[in-house]
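Both complexes below contain chain A, partnered by chain B and then by chain C.
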Partner chain A sequence: MIQIENLTLQRDGQPILTGVETTIPATGLTALIGPNGAGKSTLLHGLAGLLPPAAGRVLVNGIDIASARPAERALRVALLTQNPLLVPRLSVRDLIGFGRWPHHRGRPRQEDRDHVDEALRVFDLSALEHRSLDSLSGGQRQRAYVAMAHAQATPWMLLDEPLSALDPRYARDIMERLHRLSRPGEGARGVVIVLHDLGMAARYADWVVTLRDGRLVRSGPRPEVMTTEALSALFETGLAVDECRGRPVVLPV
Partner chain B sequence: MRLAAITLCLLLLVLLSLMIGAAGPGGGLDSGVVMSVSRIPRTLAALLAGAGLALSGAVVQLAVQNRLVEPGLTGTPEAAMIGLLLITLLAPASPLMVKMAVASLAALIGTLGFLLLAQHVPRQDPMLLPLVGMIYGGVLGTGGILGSGATWIAWNADLVQYLGSWQTGEFSGVLRGRYELLWLIAALGGLLYLAADRITLLGMGEDHARSLGLNARQTLLLGLGIVSATIAAVVVTVGAMPFVGLIVPNLVSRWRGDNLRANLPLIALLGAALMLAADILGRVIRWPYEIPASTIFAVAGAGLFLWLIHAAPRQAGRT
Partner chain C sequence: MTLRRLGLLSAALALGVALFLFWGLRAPQGFILSLRSTKLAALLLVGGSVGAATVMFQTVTTNRLLTPGIVGFDSLFVLLQTTLVLTLGGAGYAGLPPIPKFLIETACLTGAAMLLFGWVLRRDADDMTKLVLTGVIFGVLMRGLAGFMQRILDPSEFAIVQQASFATFAGVDPLMLAIALPVFLAALALSLWLAPALDVAALGRTAALSLGVDHGRLALATLGLISVLVAVATALAGPMTFLGLLAASLGAAAIRRHEHRLLIPAAALTGALILVAGQFVFERLLGLQSTLAVIVEFFGGLLFLALVLKRRTG
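For the complex of A and B:
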């Protein structure tokens, strides 16, 4: 469970988020949604402990993440920042291998190689493992980044818009895999993901946190938060939540 | 395989370097003395300087996430020269290691200054950062405000010839007993190997590196500290050399990628080979006179550099 207690975050002395207070359940997929500039990426950095709070605190599985040692923090939370990442020319295997860095600090063991193999398999990258990142398509590269966060094998995966630049097939593919990873059970991950695609949020999220102008609007189970009224008010535009073939969909109306 | 080919080339170059010079066999001088006093030290100096400069380039490129910079474009050698000038003025009798330490510290301060400046440079156009670096180096260097002051002091204190020798890198003055400081580069290379993964992580950007548990600030300081000491050692012993740190990491990156730990030996070998080749070329073009290796490298390096940015302008900034 992530407990966010009266959290205020600043960048360059400017408050970006103020007084956020909520909890995020330990398993399941949580979507962070809200208009541009609402503070979603900033909140994600705060949850990862990379941005020390100006006030309040974030407890990740009971530990104050901002004051944890960097090595400790990286074993609890994996953060995939927004694209475009400035990444060196690495092979897919090397990139995912760096996801294991918090575990081996430069001396990989068999266990680390196994995790890399598993991440390659889960994200269907085995055939591309020796390819250089800059020779891949946008979708393949994005999968490699998510696989790197997966290999970090942390209880929490935080992803900032991992679907940008992806066509529907790859976007869906990644969401399916993340959804599966977050199902309760042994080895389940808590996945927190900033999404702009409300359709994806409606389809895959268990829990939804909405932000607007640096404040928390709502936080709760997806059916309670993603309603026609709430979404239309949040984005200040006509949006309808409906059902199609038994699945929730969001439509501009 | 290709590593073996480069090693073979390097051995051939070493052989050539030992044979070529104004004093031919039977030229009157005892060739054994020429070898041990001049040729062997000179060859080793070129190898060490080339390897150190190439590795420094790779570190700086990862540290600022831009492929078009090198220590020569971050004010590092200029700052080292200011440090050297100061210590030579204030305590002319201090031992070489003290001078070297002061020069390294000044180089580090100068490089950190560039980093502060770089934070305000927009990243969209990768060409912008090296241009800023050139101006920054110019301001620190003899042409600029700070440097003019340094030059004026040097002129008054009769130290201008020192400045000249620091600015133009060449190996003709290398003799036994006057290059050994460069062995420091071998030690720094070992240290760099241990820190290589951390520096590659740094290349992924600060957020990413930190989310993987890296102490990014500490790693940056360590990396730039190694670079500063390397550049200071090169400036003190043979003088500044442009382009080596730019060209070699770019060539290796295109060929083998940016995993620093995996490619570190290759970068060092290629840097050493190109430096020695430039020195040999400088020795034979106007035989028996010499052209400084830095001049050779500036001409050839500029051409290669243009080819690099022409060949892949998009990838160029995407370290």
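For the complex of A and C:
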């Protein structure tokens, strides 16, 4: 599990998140939601150990992630940021291969190639493996980046708005695959994902953390956190949580 | 396929080398060949150094439009020459022993670059944007200072500074090359050793960090190598701001791969090819003694504009 203990994070000396204290379960899909500027991406960077805490700490499976060496960190947490850089002439297979860097440090073995093959299969990218990233659609490219995080084979995958700019088909496709990966069982991953699409959060999240103005508002199982009252108060607008064909949906009202 | 492309680049360079050495060779052949060989070695070394350095600089700054010259190497070189002419006078400057001058210039350029890089990176982890901007500001400052000093030179001394401000391959001392070559080869070998980590760094700082690359340390090591390569090339021939941009862009376009173990040699070969082919056309075919650097800067500038426009419309 990830234990967040009285965490304060700053950027350029300015506090972005203050006094966050919660726990994220080891398996399942956790959604970070909240209005713009709430500190969701900053929290994700803190969970990845890339932003040293001004106060408090983050324990990932018992390890203080901010004090771990970069190589050790990368074996525990995979982080996919918003709008990753597009390297010219980089193929899908080579991109996913970068996910294995923490394991081989520049000398890939058969085991690493097997992991890349598996990521290609899990994210249905085998037919595109030799295509250059800049020749792919936004959805295919995003799937390739998520596959890279998958190939890293860490217990945790942290994803910052991986659905931005994706149409519903691609967005749903990625969420389905992440949801499957996070099911308890052998090889299950803890998936923490920043989402703006509340419908996707309602449909796929097991656990939800809500943030507002740099503070934790609520953290808990999805049905307890994503209620009509809580979401309307969080976003300061009328939102209703309802059911459609037995699935939770969020509607503006 | 990629190795074949690299082979083609090497073959083109070999052809350029052969033409440069043997085209229109007349008696006394031994003497002329030795002169041409010295110039050729300088062309290869400068082209190779600047090409390799630019690929690495573009990777650590994650910007395909930059060259190391932008962070003030060229301005510092011109400032050094201006200071020397101002303090020693034209005759004193011309009488400077070339080897100590070359060594001091190399040390000054490397030292200044490492001071700048170390200072900025220590203060702001690995903020490459700040590093580039600080370098640009220092470059402007040094250019302004050199410009001010040039105004108080007499016209003949000013002409000497002007001549030194453009790269030239005439009068390179073979001993300088003997010193520069092992430095170049060692820096190139280290660059290739760093190549796999540079592949990851090309994804950007955050991505590289999350993949376990110690980005700050890698950036500092790479910038150190860049400083050495560019300092040696600049002290040997003089400043060529856009040569690196041409070499890195054309080299990458020629091999069409992203791996630095291929990009670095391709850019080095392309840089050398541009200089050797350009000098051959200038000297042997056109019989001109004009400075090749001016033409390289012109086409490099055009390529820069083309890349900027392509980005806007792309």
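What we mean here is this: the second predicted complex is superposed on the first by the 248 of 253 C-alpha atoms of A that agree within 3 Å, B and C clash if a C-alpha of one lies under 4 Å from a C-alpha of the other, contacts with A are read in each partner's own complex, and residues count from 1 in each chain.
The definition used in the following text is that a residue touches a chain if its C-beta (ideal position, glycine included) is under 8 Å from a C-beta of that chain, and two chains touch if they have at least 3 such contacts.
All values reported here derive from a predicted model rather than from experimental measurement.
Q: With both structures lined up on chain A, is it a clash or a fit for chain B and chain C?
A: Aligned on chain A, chain C clashes with chain B.
Q: Does the superposition put A:G62 against chain B (first), chain C (second), both, or neither?
A: After superposition on chain A, A:G62 lies in contact with neither partner.
Q: Can A:L50 be said to touch chain B (first), chain C (second), both, or neither?
A: Both partners, chain B and chain C.
Q: With both complexes overlaid on chain A, does A:L90 touch chain B (first), chain C (second), both or neither?
A: A:L90: touches chain B and chain C.
Q: Per the contact definition in the header, classify A:P70: touching chain B only (first), chain C only (second), both, or neither.
A: A:P70: touches chain B and chain C.
Q: Name the contact category of A:G13: first (chain B only), second (chain C only), both, or neither.
A: A:G13 contacts neither chain B nor chain C.
Q: Could you tell me which stretches of chain A are touched by chain B in one complex and by chain C in the other?
A: 45, 48, 50, 70-75, 77-81, 85, 87-90, 94, 98-99, 101-102, 106, 152
Q: Help me check something: in the complex, which residues belonging to chain A touch chain C?
A: For this pair, the touching residues of chain A are 45, 48, 50, 69-75, 77-81, 84-85, 87-90, 94, 98-99, 101-102, 105-107, 152.
Q: For a test of understanding, state which residues of chain A touch chain B in their complex under the given definition.
A: Interface residues on chain A, with respect to chain B: 45, 48, 50, 70-75, 77-81, 85-91, 94, 98-99, 101-102, 106, 132, 134, 152.
Q: Please output the residues of chain C touching chain A within their complex, sorted ascending.
A: 62, 64, 196-197, 199-200, 202-204, 206-207, 209-215, 252, 256-258
Q: Which of the residues in chain B come into contact with chain A in the complex?
A: By the definition above, chain B touches chain A via 62, 65, 123, 194, 197-198, 200-201, 203-205, 207-208, 210-215, 253, 257-259, 262, 315, 318-319.
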